[in-house]
């Protein structure tokens, strides 16, 4: 028997619409992050330690210290992407490259951190009409779909449609069918550096999506899937290997732009 | 018989070491860009129209107008990555996502545009010792290796070593062997949006790398490979599809955070 | 101006249902291959030389000689996959690994050659109900979608549904929406060896799919996209490199299972 | 705290050279499989249950029953690939597609099961000269490199050289440098169906490779990495979805080649 320590999760939410919009406040009175955190605790119990963080906290609640103790970060944002500081985005990116898992939710497709890590537009079509969505499982047996049937059906959702401006996913977990006639790559994974990234589409704030048991199951599964297998602590370093430390004996030849012991350019 | 119009190429170079460093000036008196441009013209003749651009030009020579007329952009930079304006990086990224090919050379692994498009550290090990390098072809028959044998041998190069902080390449074109004992993924392709990206390692400024006939052949091949097959002109748009324009007839239900006709959040 | 020689295309069809089934015979009296060939000639004119081959011909019309003169092979099969000889499958596989393009159509997902090259089940869900399909473009600007709008709509098709048992595609070109509620990865590319592979879903024999102008456009585009960029002629060879021909001077040490000059095991 | 059950491992070995060749018998008197099994038990202890199977056993020791109780299969073969029955290869492939992990070792690159799952030539260059090899870690922090430094150095190995005829790996774990001047993608992962595949190069039978502590560490890590996260039990099924069970209400239109309730063609 093997035992593993609890997964340290941080649920990040901009927490804006739940304050300003009456419909959203009615569904998520304590914020979307509170409901997501509750779902994770319910399903993962003592295998998880869940914290939350929001935009208005100092450093958005994502300090060096809090990230250093986060194994998996969930990200929900929509109308305030531009208010997230670049410094915090740099920090989250570095932590992902080292190994922290990142789960980006719904409108987080346009968050700075998602665009930063993928490098593409992350754009898509959209329509807010409360239409029916069916998320089909493309990878049966994958850790992220544990406990699901062949699809998840959501009675009322916002539509997201292709083309979705992303690099080809490493794994296609879900593809959505929409009542209005569109399709979308709703569950996708990528590895960037040593970190695992999962994008999961559902989550529009005017519908009670994060109370849905299957959606909660996916988030719990994804947290387990995304936990680091190990850390690449110096992922940003570009070390010089001096001639006398080369694995094979060599004699330096030719001219240099660097002096011995100098750092490289960045 | 099919005829195709010439490929419009821009060779971008920061053009700093060729001015400040006597060794580099001796090898590339008119700049690395001039020698690369000359090589492309020599090999591709009237199938190519080659321009150059450098850091010191207004907007680094990469205006909206010049990019709109560029099919493939080559990028050489080393000590001045930080001086490239973010606005120009945004513009180059958008053009790549639309379809422009991008060929990133040598120390350009740390350029803003390469890190922007890949989303990872792009870090590596390095040593400047004039050692021998052998670039092995991993994809015989690929457009980029046309006319080459099983490897390219360079008598004196800077060493770049793994781990190279990149997303898994779509295609592995070259892997390098170094005299000092390291290896490196020296030729890699990725597609980002509608643009093709090729990273090619050789090119340290203290060695006459861009006069090497095989290196020149690779650059000419890569220019032909990277030319756009078509354009994704609105790659950054995230259009709303109004309910009455949904492909299938639907009736709007539920609440909204957006008003009819409103733009989405970014 | 650059000129290129015509693309040599072979359209392969098992040609069984067009003979046995009255409905299919009514739509494709000379066989599906004849209609596909006609479409390619119409759109590509003198840029293409189109041949056809069928199951009943000697060696299924795919002799060493005919494959050696084929740049791109299209494959349609349905009820007679098991009648294709393994020897011919070996031959086609080798030619693809060398560089020949392969376009697999519709029920060809279960052909021996597709399963051979992908290594997975290639299984899917299906329903024959003449329902509406909409193939959404996921990669605007890609060579394969040239001339199309944002989707192709087919009024009556067979349904194919996820999960589709394939390795993650290199590029996702189309995803289908079906009237009955399913989705499917309808246009996918992979590179295997030096050959480009495109799977394209439409094509059920009881509907006049290959007369549809947009479907014909996709096939013509795919033929242009899949043409070899070069050949990897010895793709199946596993050459021994004798000690005295090693790129670096080495002295043999240790014991061997092979004698000098011996072939390796396969 | 979470507990997990032991991983059920089967180490498969053709077990031919250890019987026929004196050098190999001297190094592996009880067979390569025995030494690999011993290493796994040493490092994974009660987290693993290890069985072995060899070519000469009935059904090569890979019966339906034994595979049904295998989570991860390791495969070593060299001179007897052709003696493995196609029926057993079919069975192993199906089990991998369902979720069993597969670790292919050294000359197993030419095994039927590896070629079957990858679909390519799996060919490479080779030289048996007891030269030095250095396997560089390309993915620090990955589960497979846990406990390693930046490279593994082997004093005497057979050389394998690029081009290696494989589909682009999902993840590049190791790349080798050889004394004689070549390079090789020595550690690669792919997912096929629901199964994880890891190819690991070291292991020539005339050198005591599987006694090396770092090689043993990699195998133990890989076993933990490759264990199934869940099973896709019906991975080979291609189910019909009858019209009256379509997720959305539809009315069948048009003609059919199948009768109601009929199986599809394969």
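Letters are used for the chains, namely A, B, C and D, taken in the order the chains are written, and counting of residues starts over at 1 for each.
Everything that follows uses one rule, which is that contacts are C-beta pairs under 8 Å (C-beta built on N, C-alpha and C of every residue); 3 or more make two chains touch, one makes a residue touch a chain.
If you're wondering where the values come from, they're calculated on a predicted model, not measured in any experiment.
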| item | value |
| --- | --- |
| Classification of the chain A:chain B interface as same or different, half of numbers criterion | same |
| Most distant chain from chain A by Cα centroid | C |
| Centre distance in Å when chain B and chain D are each reduced to the mean of their C-alpha atoms | 36 |
| Inter-chain centre distance, chain C versus chain D - centres from mean C-alpha coordinates, in Å | 28 |
| Residue list for chain C, restricted to those that touch at least two other chains | 134, 139-140, 161, 163, 168, 170-171, 177, 181-182, 191, 193, 232, 235, 247 |
| Chain contact graph, described as a line, ring, star, complete graph or other shape | complete |
| Parts of chain A lying in touch with chain D, wherever the complex brings them together | 1-6, 46-47, 98-99, 134, 139-143, 145-146, 151, 153, 170-171, 177, 191, 193-194, 225, 228-232, 235, 247 |
| Interfacial residue positions of chain D with respect to chain B in the complex | 134, 136-140, 150, 161-164, 168-172, 175-178, 181-183, 185 |
| Contact footprint of chain D on chain C as seen in their complex | 17, 21, 23-24, 78-82, 93, 97, 107, 110, 116-121, 123-131, 156, 159, 161, 163, 165, 167-168, 170, 179-182, 190-193, 205-207, 232, 235-243, 246-248, 250-258, 264-266 |
